[in-house]
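Look for subunit A in each of the two complexes below; its partner is subunit B in the first and subunit C in the second.
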Partner chain A sequence: MSGFNISRRTMLAGSAMLLASTAMPDIGWAQTPKKGGRLVLAADSEPRNLNPAIVASNGVFFISSKIVETLAEASFDGKDGLAPRLALSWEGAADGLSVTFKLRDGVKWHDGKPFTSADVAFSALQIWKPLQNLGRTVFKDLASVDTPDDLTAVFKFAKPTPFQLIRNALPALSSVVPKHIYEVGKIEDNPANNAPIGTGPFKFGEYKAGQYYRLTKNTDYWGKDEPYLDEIIYQVLPDRTSAASALEAEEIQLAAFSAVPLADLDRISKVPGLKVISKGYEGLTYQLVVEINHRRKELADLKVRQAIAHAIDKEFVVKTVFLGYAATATGPVPKNDPQFYTADVPTYPFDVAKANALLDEAGYKKGPDGKRFTLKLLPAPYFNETKQFGGYLRQALAAIGIDAQLVNNDSAAHIKAVYTDHAFDLAVGPPVFRGDPAISTTILVQSGIPDGVPFSNQGGYKNDALDALIAKASETLDTSARTDLYKEFQKEVAADLPLINVAEWSFISVARDTVGNIANNPRWAVSNWADTYLAG
Partner chain B sequence: MTRALILLRRRLIGSVFVLLIVVIGTFLLLEAAPGDAVDAYIVSTGGDAGMIELLRHRWGLDQSELTRLANYLWALLHLDLGQSVTFSRPIRDVILERLPNTLLLMVSATALSFGLGSALGIYAGARPGSVRDRVLSIGSLALYAVPGFWLGLVLIVVFAVDLRWLPIGGIETLASDKTGLDRAADIAIHLILPVAALGFIYLALYLRMMRAGMAEVWRQDFVLAARAKGLSRRRIVLAHVARNALLPLVTMLGLQSAQMLGGSVVIESVFSVPGLGRLAQEAVAARDTPLLLGIILVSAVLVVVINLLVDIAYAFLDPRVGAGEADA
Partner chain C sequence: MSRFRRFLRTPEAVAGAIILAALIAMALSASLLFPGDPQAIAGPALLPPFQDWSLPLGTDRLGRDVLAELFHGARTSLAVGLAAAAAALVVGSVVGTLAGFADGLVDEVLMRITEAFQTVPSFLLALAFVSVVGPSLGIVVIAIALGTWTGPARVARAEVLSIRERDYVASARAVGMHPLAIAFREVLPNALPPVLAMSSVIVAAAILTEAALSFLGLGDPNRVTWGGMIAEGRAVLRTAPFLSIVPGIALVLTVLGVYLAGEGVVETTAVRRGLS
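Right, the complex of A and B next:
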């Protein structure tokens, strides 16, 4: 059962093995997939609502993407980075007013009823557009969905909508749920929200609060010979250290979403039979961002923001906070995005002397105590790394005479303080890049967003040129023209620094080396796992 | 009317007021914490202004604090604990599902710390100042000084990860479909480590109390009388000294039950036991006020009942404590 992990033991196993193990990619190494078995993995949270059509979030997808499928899934090698799921093809009209989906034939819901275009129309109009956290923005102009036959769904938009955006939104926003289940009663109160019914390779089995979720094999799945696994069990492990111990004790075979803390990875990678995998999250990139309250007089000054950017040693942050499992950032689109990223933006190399000079220029001289002014710094508590970076930033700012006072809150209090009360000067946040800047990125710098909207511009920043650029891009239909506008957007953000992008990171999986077909798409942890198997 | 019943009635009336104060206090405390259930929820989802407004309305958070408190108390009068926003289920069901696990953990840990603690205390106190007395005293103090979560983690690393004798956590084997005795044995095996982690911490307390109590009783006249009677040392220790030294421990048992409930928060998280402590922690993080109120209410009732039982036990153990004297 060796072959794919390049562990210390394999390395020592002789030169032939060494050759083989370095020559082979550690992912997708051709082993014959085996049928059957129960995959047990760690879950650190228990989502209250398991309906991914209503709640498009990674915590929900992690479990329900195996049960409820989307129209298309992200792919490393598919056209436009997509692979078909419930839709076989998608075509946008030149006027941006319609998108036509051809659907897969012979697909059945878990209760045996056939899947048709009516289900797609119902999900889009009754759920994605009015109820879904992300869909409410992306599908806001969706007017109707025509269903000329059972296998064709035509989305009609009231205003021209870029096809590129709809395409990029498919993997996360297009979960299809059964119309016949949801058309009875209030959608939000439907029991299927807690026991989802879908078309996916696994059926919802049972949920024991505080203990586990059990998914069982869908023997009627449309994928030939799929799924391989008989069962998936999500074991709820609330303690940060539990997942690593459970892996070592062979009680679980997989811990995704960095359930094993970065600091433990070095040790755990040396445990025979376990492998550490950093692939399979390319489509779920988190950005480490310094959010800035532009209502503060000092921070409204571009020179001060530039000084702060120069004071941050991004390389050091990647090396120490993320232990190398991250990349430095240049702007609001992550480097690993294949469509929009541009490196051609103003950069701020680490330079304390220059930062000090900029602050002097701005008129904030050091006082007799070496301090220029005091700021309130609120690191988001959701990740270890955001908290640790908060500590680093305090020191980095101290080096340029800015006295940052750390305020630590729990999640609810942080959200309220930053996004509703604006009771911060600087905050550390982890926004997510979701494959298209229009989904959840432009909102970070756009003006005119009501108070209380999380992960949006609540720093009082207003830049008319940038607003105009965002508005123009949102109605530009031509893909390459639209892409160019978003490159322009990156330049403008990097130049004016409404916020400071420091690093980009994603998650790490740790698995037994018996788990096969791990990380074979850019959203693997939240994809359907139809081809995942257990060897040996 | 018997003594116990008089005591019971008097205690019950007092308890209602205690519980009311607990409920209102908790409600106000949680209201004072920044952020509400919607703030906690949108951390993992995001959402626009319209969606957030919709959620606040659906969860009744757009009403004033006073209205919500009044509604809660009114429902409580009808023995309705309300609906949990984090679980979208009646709170009564959510709590009843977890209560047995916490009770099992608490009762077992208390039995371990009380039983073993007092036994070792008798053993140590029978010969004060001896080597065994010192070893036990120092050893138990060392255990008492160790934080619960750390002891739990060490037990996991040694017995579950390295030796693999015991499961690392949970209350029973996941999705195993075991029933009857098999299931009971399975649960017992899963409880060994968490009970040890929780019980050993409080063991020192009982041991030292027992030992100190014995040292005091040794000096009493009736012990001298017993020795003069020519009773064996063993009989003096067990029948005369230990029995009398046991009384303060029973009082401690009642007081300790509340602490044990607090300690179970940590132990339940470390060992992934789906109990009330962990639920309370989750309720605070999610700002699920009615759920937390429900948990606190149930815990308060639990503590009140345990102390009531202790009082009753006391009345039987020590004939000097009668209902009449309890007035004083």
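Right, the complex of A and C next:
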């Protein structure tokens, strides 16, 4: 089963994204890693709160995953796609009411105190469940954590919770922080949120605002001979064009998370000494989604939503906006997901004539100026690609007589306008698929979510059948039955179009040839880098 | 007639006038030469200039025609530049005339307000205003005018202060004209020439400010603007520099043209005044 998944995952990642594989030399696991050296890389944002147990987001993980470790990490070839970190094994009870973790022995916190099951219990109950953005959903039924000994933690759930979900949540949601540091005072105000203390291969060194973060080697790390690097420097380079120049000038050795603009990759792949790598982000798939405000009477009509879906040329979006570094989407689960994806859903091929016919049928005839109605379109400002797709969508809608007026906002204003004020008709959003639809995908279409929850269904969409399906899947323990329910969920979403999935994409790293062991797991950029090294 | 000939005798003025005429022609012909939506996708993305003669200046990242965008962008730039300058001149001369003519408390209050606006850099004022109210063409015009009306106001006040002591103003008072009528019928028209002389600088600055706002993403996203084009081209500066260079050159030429033509006009009127 898992062997099949891996080959399918690798194949899909390779074929769907058609990435610059020719420019990808052997990734270097054949070489013997060298010790020492300082890795300098580009960072495009400066998160202030570096506690990954509270803020489970890729921007925070990028830095703090080297300092604070999770119970397990995603893996290309491990069982269920996982590799052990702080936990050595995990076992779910048949009734779905408990999960038992066996923890790693001989692990020490950066301040010298031993790591025990009490830290896991504290992190889960005091932080993941009440405070963490994603943990609130996944661990909502966690009642207690038993610690029969220092190396065993038993999670007890009040309601049956699918083991598959807990497993899939481990890489992103299970950052363990030290109890002895956090039990004093208010967790949100703890100074360790800005200078984290963990068990990871690197210790927090210093942070100079606007300049850099410095991490130093943890000489007491549990991994044999690891880490190889002495230091990691995150050079703050907020300007996207500067990362490419800094790489060429050898000021930095690595630019992850597509810090080098896609349009520059072709040129940079020809620069001697630099390599373009598209692997290592399989577990971090972003989805390009058109969010719909169903309060607008035109958009509440399924025919209009179908017309919009038919008006979008997904191939063009992948080719032009993403320059081929993306895949077209069919529904709310990305194609590269090995567990849940199904292609058996209603599809909406690019067809302007059909879109026009659907709008006529719905009763929205073209006026004398060729326009049917006007919509407010808010593209999310976080990525160049979401902004560009906003420009494309405006043109695509113009072709079917819908006049879309673009409204540009900064990040904070966009989140407020869409998720709190609902002051939008259409929005372009980049939700993340995190390995299980229950983590951050079903919330995009489920009803009954309070106003102001970002990246959730704030479009006023309500579909009782879909809600029932989501509720049923959340308490189905059998893995294959649960997977089938989520396949049903994909069909229902693609049929009723609470939102329109356009494309799914991931990131590209550009690195010097000397950086070894890059992209050796599906969440490489946000993993612990214990085995990363600098050759030569 | 002789004034026009004098204007033609200064080469800078002629160069400025030619550029300006070309620009106005571009703006007026935009919808004739490039009917329809300039933001429509016209061809393959990132086509370099001079490759395909139906798209002479190439296409941008989404495959829009750069030439069409350039023509329609000329419209936005000129419209915003002229509207903002006109608004600034009208508000400025009215405030200046009132302050200068009324004297006393009114003068004090109006001039303190003017100074308050002057102490804030005009670009920051525009930036703050647009980010609070939200970007649209009208708002951008108001935002730019907000930071530029102070110059005309001060110049108008200084002129009015000298004009109001003249004999014809005194006689207008003597025949019992309403003070406001004197201010706006007798004094303002005579105070205007030096204020208008500032217009070229104000128009040029307004065009640049609009471009800068669009560059920062605070322009009207539903219109093509040169500043917006430069900003969008910046992401692919290394691979497709023409996307930033083409609108950049257009911007430089426009500002230069407006400035030179304005200088020419000022010079010819100054010579005429000197002769008379």
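As a convention for this text, the second predicted complex is superposed on the first by the 508 of 536 C-alpha atoms of A that agree within 3 Å, B and C clash if a C-alpha of one lies under 4 Å from a C-alpha of the other, contacts with A are read in each partner's own complex, and residues count from 1 in each chain.
Everything below uses one rule, namely that a residue touches a chain if its C-beta (ideal position, glycine included) is under 8 Å from a C-beta of that chain, and two chains touch if they have at least 3 such contacts.
All values derive from a computational prediction rather than experimental measurement.
*Asks:* Going by the contact rule set out at the top, does A:Thr483 touch subunit B (first), subunit C (second), both, or neither?
*Replies:* The answer is neither, since A:Thr483 touches no partner chain.
*Asks:* Quick one: is A:Ala209 in contact with subunit B, with subunit C, with both, or with neither? Answer first, second, both or neither.
*Replies:* first
*Asks:* Looking at A:Gln126, would you say it contacts subunit B, subunit C, both, or neither? Reply first, second, both or neither.
*Replies:* neither
*Asks:* Thinking of the overlay built on chain A, is A:Tyr382 touched by subunit B (first), by subunit C (second), by both, or by neither?
*Replies:* first
*Asks:* Given the touch rule stated above, what does A:Thr320 touch, subunit B (first), subunit C (second), both, or neither?
*Replies:* The answer is second: A:Thr320 touches subunit C but not subunit B.
*Asks:* Go through the superposed model and pick first if A:Thr241 touches only subunit B, second if only subunit C, both, or neither.
*Replies:* Both partners, subunit B and subunit C.
*Asks:* In the superposed arrangement, does A:Asn408 touch subunit B (first), subunit C (second), both or neither?
*Replies:* second
*Asks:* A:Ser278 in the overlay: touching subunit B, subunit C, both, or neither? Say first, second, both or neither.
*Replies:* neither
*Asks:* Contact-wise, after the overlay, does A:Asp266 reach subunit B, subunit C, both or neither (first, second, both, neither)?
*Replies:* A:Asp266 sits against subunit C, while subunit B stays out of touch.
*Asks:* More subunit A residues touched by subunit B or by subunit C?
*Replies:* B
*Asks:* Intersection of subunit A residues contacting subunit B with those contacting subunit C?
*Replies:* Shared contact residues on subunit A (touching subunit B in one complex, subunit C in the other): 241, 410.
*Asks:* Spell out the part of subunit A that touches subunit C in their complex, as residue ranges.
*Replies:* The touching residues are 240-241, 244, 261, 263-264, 266-267, 319-321, 381, 384, 388, 391-392, 394-395, 398, 405-408, 410.
*Asks:* Give the list of subunit A residues in touch with subunit B in this complex.
*Replies:* 40, 45, 47-49, 55-59, 131, 133-134, 136-137, 188, 193-194, 205-206, 208-212, 214, 231, 233, 235-239, 241-242, 245-246, 248-251, 382, 409-417, 420-421, 440, 449-450, 452-455
*Asks:* List the residues on subunit C that touch subunit A in their complex, please.
*Replies:* Going by the criterion above, the answer is residues 37, 39-41, 45-46, 61-63, 131, 134-135, 217-218, 221-222, 234-240.
*Asks:* Once bound in the complex, which stretches of subunit B touch subunit A?
*Replies:* 33-37, 39-52, 58, 85-88, 94, 97-98, 153, 156-157, 160-161, 164, 167-171, 174-175, 269-270, 272, 274-275, 278-279, 282, 285-287
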